[in-house]
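Chain nomenclature is as follows: A, B and C, assigned in order of appearance, with residue numbering initiated at 1 for each chain independently.
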Amino acid sequence: MLDIRNVSLSFGALKVLNNASFSLGKGEVLGLIGPNGAGKTSMMNVITGIHRPQTGEIRLGGIDITTSKPHEIAERGLRRTFQTSLLCSGMSVVENVMLGLEPQPAYGFWGALVGSPKVRQWEEEARQKSMEMLDWMGMAAFADRPGSSLSFGQQRLVEIARALVSRPSVLLLDEPAVGLTAPRVDELAEKIVSIRTEFGTSILLIEHVMQLVFAACSRVVVMNAGEVIADGDPKTVTADPRVVESYLGRGYYAES
Amino acid sequence: MLSVLLASGVANGLLYGLVALGVVVLAKAANAFNFSQGDVMALGGFVSYAVIVTMGYGSVAALPIVVIVALFVGVLSYLLLRPLMDAQHAVALLTATIGLSFLVKGTIRLIWGRQGDYFAVPPLVSGPPIILFDGAVIIPLQHLVMSGGAVLMLALFALFFRFTRLGLFMRSVADNPRAARIVGIPTELVLCSAMVLSLVVSAVAGFLLAPATLIFPDMGFSLFLKGFAAAIIGGMMSLPGAVIGGVLLGVTEVLVSGYISSTAQELSAFVLIFVALIFFPRGLFGGRSSRSV
Amino acid sequence: MAVPVQSIRSAWRSGSWVYPVAIAVVVALIGMTLNPYLLFLLTRVVIFSMLVAGLNVLMGYSGLLSFAHAALFGIGAYVTGLMQVHLGVPYPVALLTATVGVTGAGTLLVLPALRLSGIHLAIATLAVAQAVHWVLINWSAVTFGAGGFRAPSIAIFGLNATQSIFLTSLVLTTIGYLMVRQLVRTSFGRKFVAIRDNSVAAAANGVNVTATKTIAFALSAGCAGLAGGLYSALLGFVAPESFNLEQMILMKVMAVVGGLGTMLGSMIGPALVIFLQEQLRDSQGWLEIIFGAVLIGFVLFLPKGIAPLIYRVLAGKRTETVETGPRTGQKVGLSAPTDRAVEN
């Protein structure tokens, strides 16, 4: 679904991504792990068009999206959440989710200005779809609250609903488990797995919480200092001495 | 001809540079912009008018009074705007400083508005122009004094940032506000000083400008605009850049006025601002901007 | 109380056109009984409501700062007036041309600037505004320079000039207001708020940020152009000083005082500011001092303006403000533009 080939990105003298390559298969849940500063979020920003890589290419479903703009990439069916997730405070929760249906409106500017029946119909359907999505995430009760009034964990679930409501082919999740308690992490893992089974979405998951990575991912890519240093199934990768050295730490085995 | 033009361009430009310096100091320390800077510059001109013309004291007496008034306005501005001086309130703060600009302008008009439309302040020094190279280069004395004063202010600024504790605090806040707070630098004091300094430097620029032009209550806004343009040309984050930007703007203005048309002079500043913003958002010396959403 | 407050409130919130139109009819009836001076002021309020409604889309909903709107307002007035004076074009045609022209010109002028955001966008629009003002003063062959020119007034249904322009403005403003209000309750309104609150997340959700900014700017420029065209017929005399930066700041005060991000505020702000302005007309300096203080006061103490207070009265509630923590059961959002959290 998503192919990253030899991508490099630097800010001035700072090399953030160095010739990194990996790919995300159809219907796969892939974990992207690595120490802080390894370039995981930069990778996500490069994929979603926020930064443009100096070299390399990114393909989504075979189409080159390396130089596409963020909204064009979203339009092609790749959606994401953010590490510091924030809903728009000026909109209710359900309106935040409805935003995820961009850029679909079947009506234009003039229709919206006069409020044609087509507009009303589309808006109603959009609200319906968004409510269903919220319901599926277990957040329907919050639909009419302001986005900013929810806790961070709740906002993150709404954000996932917003990313999913347009039924994207690829979903990128940037540290969705930050600040969640262990039972909540398990629930999230279940949700992620069922996103894949129910919508057939391919998922790239950036995460530090290994509990979630093990529960949800079928394959793991490890990055360090902008490079991909390991790629394989979770068991093999976490046994790799280089991964242990750079990320998991020597104490990892003692703990588990 | 050219040398006279250049002398006045450099002199005006250095004054824009002073305003730009204020813009940069406030931008760096507080990530804020203060629209009232131009009006405080006008206030500097009017206060020196009051001291020199109305009360009949010399120019030497005007300067400290201008500085004291600016200090007062600066502290008052800070106390008023303090609740808005953080990242979430950037737009609100900007709007409030527009209100502040109106307040200062209104005060000027309240005090001096009935006395006429335009006011003339006598030159700080009078004397024949300086003639060099057998008349090939003529520099009016007035412009020399303006430039000298501006350069002196710039030097004081540089010394302040390099050698005083407060200057050091301000530099560290500009470099890394969070780290500065963690190591216990008094952020409030730094924000207040930035506000006060930016207004004092503007008022002194007004004091230096007044004798070279006619002053009027509405003059402030376009002066702020020019100072801001100079700061942008200089890259917004660099003190020397701000001064160079000011001089570039001043020289461009006089060249346009001298060789194209004097009415086009005002326009040139706006065109320069627009071009600088669109094509050099990081300043002439900062390279083109990288892509962002 | 005899009036069912609850139903008024829900009808207002549901976006029904009944109440705005009813208010417009009442205003029209009152207006026709006023003396020419008061009617002139009321017409100014109506015209500025149109302008501020557009400005509100830009500043309140989309979070974009513009200083160009007094200038765009001026272009509208000049194009409408000059087309009649120089070309003998009838008023409706001139007005339409001005509206379309200002929408186009405003968009074109600001298109390169839309890559910028925040203060940089504000300053770029400021430079454009000053340049336009300069052209109005210096291109005297066409614009009659700093002295201005006499713009034709209009007469409909055998009414006098002020009454004619009053009714015309009221009808057009009501229609414009309803349309803009309708627009901000659709996907476009969500896009505006999204680029204001978090433009990176908006783009990642498929919102074309530049296109959305352009639409917001074009819409508000169109409102300014139309308002300007109406204003030229009201004033009967068009001069550059009616469209300078001071006017722009008064427009900002109108938007802030009324309430950014609420459509109701677009009517209250102009009414209050124009009333105050009339009281302070001949005061040297007090006008600036009071408006400066009002602007700072609202930003500091009532950042959401007056409109939310009125909604609250309509709603019969006295508590709730949006920023303070979670509450249950409270309706917020575009379909119910009350108590909006606007960071401004």
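The criterion applied here is as follows: contacts are C-beta pairs under 8 Å (C-beta built on N, C-alpha and C of every residue); 3 or more make two chains touch, one makes a residue touch a chain.
Keep in mind that what you see is a predicted model, and the values were worked out from it rather than measured.
A centroid comparison over C-alpha atoms places A as the chain most distant from chain B. Centrality by Cα centroid goes to chain C. One simple way to say how far apart two chains are is to compare their mean CA positions; for chain A and chain B this gives 47 Å. Chain B and chain C, compared by their mean Cα positions, are separated by 33 Å.
Per-chain Cα centroids separate chain A from chain C by 40 Å. Counting only residues that touch two or more partner chains, chain A has 50, 70.
Multi-chain contact residues of chain C (touching two or more other chains): 200, 203, 209, 343. Across the assembly, chain B contributes 293 as residues in contact with two or more other chains. On chain C, the positions that touch chain A within their shared complex are 15, 179-180, 182-183, 186-188, 190-191, 193-194, 196-198, 200-209, 215, 261, 322-323, 325-334, 340-343. Note for the complex: chain C touches chain B at residues 63, 65, 112-113, 115-116, 118-120, 122-124, 126-128, 130-131, 134, 138, 199-200, 203, 209, 245, 249, 252, 256, 284-296, 299-300, 303, 343-344. Of all the residues in chain A, the ones that touch chain C in their complex are 48-50, 69-71, 74-75, 79-80, 82, 86, 88-92, 94-95, 98-105, 107, 109, 112-115, 119, 122-123, 126, 144-146, 148-150, 162-163, 166. Looking at the complex, you find that chain B touches chain C at residues 33, 80-81, 83-84, 88-92, 94-96, 98-111, 113-114, 217, 221-222, 225, 228-229, 232, 263, 266-267, 270-271, 273-274, 277-278, 281, 293.
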